[in-house]
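Worksheet: the structure to be examined is printed underneath.
Just so it is clear, A, B, C, D and E label the chains in written order, and each chain counts residues from 1 on its own.
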Amino acid sequence: MNLQKRLRSSSRLIIKNLSKSYKDSNLKVLHNISLTVGEKEVVGVIGPSGCGKSTLLDCIAGLTVPENGDILIDNKSIVKKRGQVAYMFQDDVMFPWRSVLDNVIIPLELKNIKKDTARKEAKTLLKTFGLEKFASFYPFMLSGGMRERASLLRTYLCKKDVMLLDEPFSKLDALTRSQIQEWFLHILSQQQKSVLFVTHDVDEAIYLSDRIYVLSQRPSKVIAEVPITIKKPRSIDISLSKEFISKKKQILDLLKQ
Amino acid sequence: EQKQKVTVQLDWIPNTNHTGLYVAHEKGYYEEEHLDVQIIQPVEGDAGQIVASGKADFAISSQEAVTLARAKDIPLVSLATILQHNTSAFASLKEVNIKTVKDFEGKRYGGWGSPIEKAVIQAVMDDTGADYEKVKHITIGSTDFFTTIGRESDFQWIFYGWDGIEAKRRGKELNLIMLKDLDPVLDYYTPVIITNQKHIESEKELVKKFMRATAKGYAFAQKHPDESADILLKNAPELNRDLVKQSQNWISKRYKDDAEQWGIQKNEVWKRYSDWLFEHKQIEKNIDSKKAFTNEFLPTQ
Amino acid sequence: MKNLSTYMLPVVVLLFLLLLWKAGVEISGIEKWILPAPEVVFQTLWKSRNLIFSHSIQTILESVLGLGIAVLLGVGVAVLMEWSDFLRKLLKPFLIVSQTLPFIVLSPLLIIWLGYGILPKIVIVVLACFFPICINLFDGFRSVDTGMTRLLQSMGANKLQIFRHVTLPSSMPFFFSGLRLAGTYAIGVAVVSEWLGAEKGLGILLIRSAKSYQTETVFAAIIVITLLSLLLVGVIELIARRSIPWHYFNKGEATV
Amino acid sequence: MKNLSTYMLPVVVLLFLLLLWKAGVEISGIEKWILPAPEVVFQTLWKSRNLIFSHSIQTILESVLGLGIAVLLGVGVAVLMEWSDFLRKLLKPFLIVSQTLPFIVLSPLLIIWLGYGILPKIVIVVLACFFPICINLFDGFRSVDTGMTRLLQSMGANKLQIFRHVTLPSSMPFFFSGLRLAGTYAIGVAVVSEWLGAEKGLGILLIRSAKSYQTETVFAAIIVITLLSLLLVGVIELIARRSIPWHYFNKGEATV
Amino acid sequence: MNLQKRLRSSSRLIIKNLSKSYKDSNLKVLHNISLTVGEKEVVGVIGPSGCGKSTLLDCIAGLTVPENGDILIDNKSIVKKRGQVAYMFQDDVMFPWRSVLDNVIIPLELKNIKKDTARKEAKTLLKTFGLEKFASFYPFMLSGGMRERASLLRTYLCKKDVMLLDEPFSKLDALTRSQIQEWFLHILSQQQKSVLFVTHDVDEAIYLSDRIYVLSQRPSKVIAEVPITIKKPRSIDISLSKEFISKKKQILDLLKQ
């Protein structure tokens, strides 16, 4: 509790009783969702497929408009406001006429940074993402996982304090995944970022998150907020630790409801 | 003093009706009058409005067009007739042997589908007690005489000076019924040189100069058919040399013809025709023939 | 609601156009035998409605028939070109040639081959209309998403099935922009084609009134031509919206 | 290799066309002043090459200038229509009207307003060519993939940036099929436009030779017109392949 | 060993020294891949992202042509032959102009089965896949996981003995996933199907597979063939069993090479 209090106080992203339904499918998707993400905090979102996770992120990113409820960043409402957060979509979008490198630097271009400067900056990161060999490739030449990595990198290059990631590692094998996640945690340890990420991999959620929100079936509500207190940095072996297993069990049970 | 710009719009592609203009242009007659004349060729007929509006100073047109225009209050005036007599004729292949208007019966007429042309044929047939109803009309639009004569149509209305000559050239034997021989009313002026009302009122000097030079041009063309044909060809090298030469030979004699001066027009001709058009309901109101033309600007010799 | 405005506004615009016209005539003081005032034109339109109507029928017939055949031909050729690379290379020049022949000059040939009936007019309309349909549709075929194609291929679908289920539907938007072009041209081309030689049709009406300086009739005819074209395009627009609703979806609320 | 064949085959086809023509003439025994034999035409073409050349220059000038302006206008209007729904509804009828006006009949107006110079010809070419470009491009704007748009929106890109980075590039294929159409029309339209009244140009050549019964010259001119059009379209094709290579990728090996 | 022999003998799908490289990226992707799938056998493929798993499946499905090597089904070569197998792509392909239901019945339509019959058949399955409410929805109205389920269902409706699945459950939450997998195993127990599926989730691989092939980095070779002898039916809890954990460790180590 007091932990949560502490977090709340310093919350950067605050979502209050958000509700959303789609007209053309008259489907009530989100119902009174409230959650927060603090500074330097990584928050996981887990919920049944089709419950409204992507919709939630769309709302925060200003891509769709919630019926009611409010979304605050640093206590300013950002409903309908775009460009306040960095958002990685669930299915990675690539520009077919741009090489991987040029796909990655889009956010920089939008900031009117010179192409060369942008490319230089991105190149170094491509290496970390194991894509340097493919810088000049066109998207259709990439594997699924490569596209996913590219769009994660692109999202990072938006350089926003708040990042929304929709299943960012779903197409990566264990090894590549842990490499990327290492880099990711490293970044987080250095920068004042707040991350809200959707995943279906409970292990991953526990491994990465400070807190995990579990959502219910559509119309989805927050059915539980699970703090993960395992101290960081966490090694991969923790998945065998008592605490880990109990948390995992707890979450899986919540999902089963 | 510097030269005055003048535009003349033709009624068709450059042909031997226009030779005088090109001669005057080439021989520098216009220059002498300090005129810088530009000759324009349209395709879709003579747009009298352009002259009436003053966009073009002069144009080649016909008595028919001028009459229709004036009936619509379009202030066009004819300054001179290029040919004294109507050189158009009803032409048919010899083998069809249409000798008289009576023979039109049961034949197919290929025309451009204007109401007047129907009225004319009906009139001439009625005169000779022939039955107009027995003629089948076909509109051949923009297609030419030889394509259709003997194919879709048995007789057509042609300008002898061009199509007739071409027929000769091709050794096609034609039966011809000249319109002027059918009825004096049909011996109207075509083509004529026109301008608009304003010009003859406020630009007398310009018009005088232009007509003086033009008349000189036609006078020359009348005396030297061969040379003037070359001049025309020089200005319109796309034309069929042989056709132009022969056409010019035939037509040169007919510019002045029996008149005492080239270009001179008679009121009776104008009156007769406009009355006729009015009677035959081709114009809603009759025109004052005296206003439709003037000989005032023909050079006084 | 949206639809209403969509189909009302053009009318408003046209009215506005007329106002502009009227104003122009008044201000410029242009002679009535060059540009008559709208009300005069509409009087004429009303006075000679029967005449104009009888002419219109002919032109409508020519253009609708022509357009119909053009659709078949256009689609047919596009399909052939999609079907075999060889045919594509073979046909492409023909297509372009077919568009560059100035048929008015070739009228003698047309007349000799097709006579003076409605046939040559229809041929000309077809020639003018099939081209945009064909080109656009073919370009549509070329920009099909490979994903769906691969999916059907993996299912062992044959060329025909792939064509029917993927290529054709996904190139419908292209087809309709071609059809919209064709529809816009159809009437106008029919009118011009009548100048080859005809007894009836708005083209004849136009030429005759022009030659006898009945400018107001000329404009009356032009108005009819324009309205007919607008009508035709409107119909095509409707068909398009009926046949490819998915193309008009506001995908997600992306564009909110 | 592929490219070679792509650009050779049309030539082969044209030769084949000529053969067909020759055969047709021989067999049908059609009069030479209706359809002259190809060799005669080519002799004429050679004999009067200077004349034809000087006329061509004029027509080329008209059509290229016209096409150039048409591209600007077409793109401009399409952008405006994409920019605001109101403008779209406002402009659409105008567009269609612009295509249905039979300018030949309106020649008095055109000449009175624009004179006898090159201007009215260019205006007509522009009118004819901007339309397919505009319509196709606009339809292109309408079929943009929402994914990319949403991505840029999420990054807070403004309308202009989205237009520049998503809408424009992804509608290039549509633009080029429009341009291809326009390119096909340009020369032919220029030719016809000269019939309004001119001293030079292939249109003048055509009509003069036609009316003075020089069919072989007519066909010589037509051949030139056709070749010019083919050339123009070829150039456009090349530009297209240069500017949107990604559109011509054989995506994956899907179509193997 | 003798286990594998047994399988080999009754192998339905056999891949012999398959090699593949892409011209336009002149990239050697597959190098002498050999593997087999027996009747009623589920075989998992695990490998680093971008190593060539999807390419491998493309080759089997006849969508791309290998340089050399052979692919046999029931001892008949199917190189370049299409429609021999049911193939679920990594990124689900949906026809935007078809409702979910009509997207699912495509394979039936291709067999010229009447639409109504096809629809009826599919409807019942939609229920199992939790999509019955969405039968009439258009694809853009679906969530990522829903699309994935739809395309899995579509693949099943191809009714082929050999199924290739490229990360079939990657977008599903634990619960939905286990439901689908249950159905899937049930199907397998009833029908003579051979399944070759790609996954990045080692637990999932072990849970579903009879054998697992581990592929190396590009150009990828088979670096190990791991038989999973845990007896079926397997409950989800086995993930805590000794054997499971040791297998998992083994595979993860292999990947790390």
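The criterion applied here is as follows: contacts are C-beta pairs under 8 Å (C-beta built on N, C-alpha and C of every residue); 3 or more make two chains touch, one makes a residue touch a chain.
Remember, predicted model here, so these are calculated numbers, not experimental data.
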Chain of greatest Cα-centre distance to chain A: B
Interface residue identity across copies chain C, chain D - same or different by half: same
Interface ranked first by C-beta contact pairs: C-D
Averaged-CA centre spacing for the pair chain D and chain B, given as whole angstrom: 38
Centre distance in Å when chain C and chain E are each reduced to the mean of their C-alpha atoms: 50
Distance from chain D to chain C - Cα centre to Cα centre, in angstrom: 17
Chain D, residues touching no fewer than two other chains: 34, 104-105, 108, 112, 146, 150, 153, 203, 207, 210, 247, 251-252, 254
Multi-partner residues of chain A (at least 2 other chains): 22, 63, 91, 140-141
Multi-chain contact sites of chain B, meaning residues that touch two or more partners: 44, 47, 49, 53, 144, 147
Chain C partner contacts - residues on chain D that touch it in the complex: 5-6, 9-10, 13-14, 17, 30, 34-35, 89-90, 92-94, 96-97, 99-102, 104-106, 108-109, 112, 131-132, 135-136, 139, 142-143, 146, 149-150, 153, 173-174, 176-177, 180-181, 184-185, 187-188, 191-192, 203, 206-207, 210, 218, 222, 225-226, 229-230, 233, 247, 251-252, 254-255
Chain C-touching residues of chain E, taken from the complex the two chains share: 61-63, 82-87, 89, 91, 93, 95-97, 106-107, 109-110, 138, 140, 158
Contact footprint of chain E on chain A as seen in their complex: 22, 24-25, 46-50, 53-54, 90-91, 130, 137, 141-146, 149, 166-167, 170-177, 200-202, 240, 245, 252, 255-256
Residues on chain D engaged by chain B in the complex (per definition of touch): 33-34, 51, 104-105, 107-108, 111-112, 115-116, 195-199, 203-205, 207-214, 217
Touch list for chain D against partner chain A, complex: 147-148, 150-157, 161, 165-166, 169-170, 244, 246-247, 249, 251-252
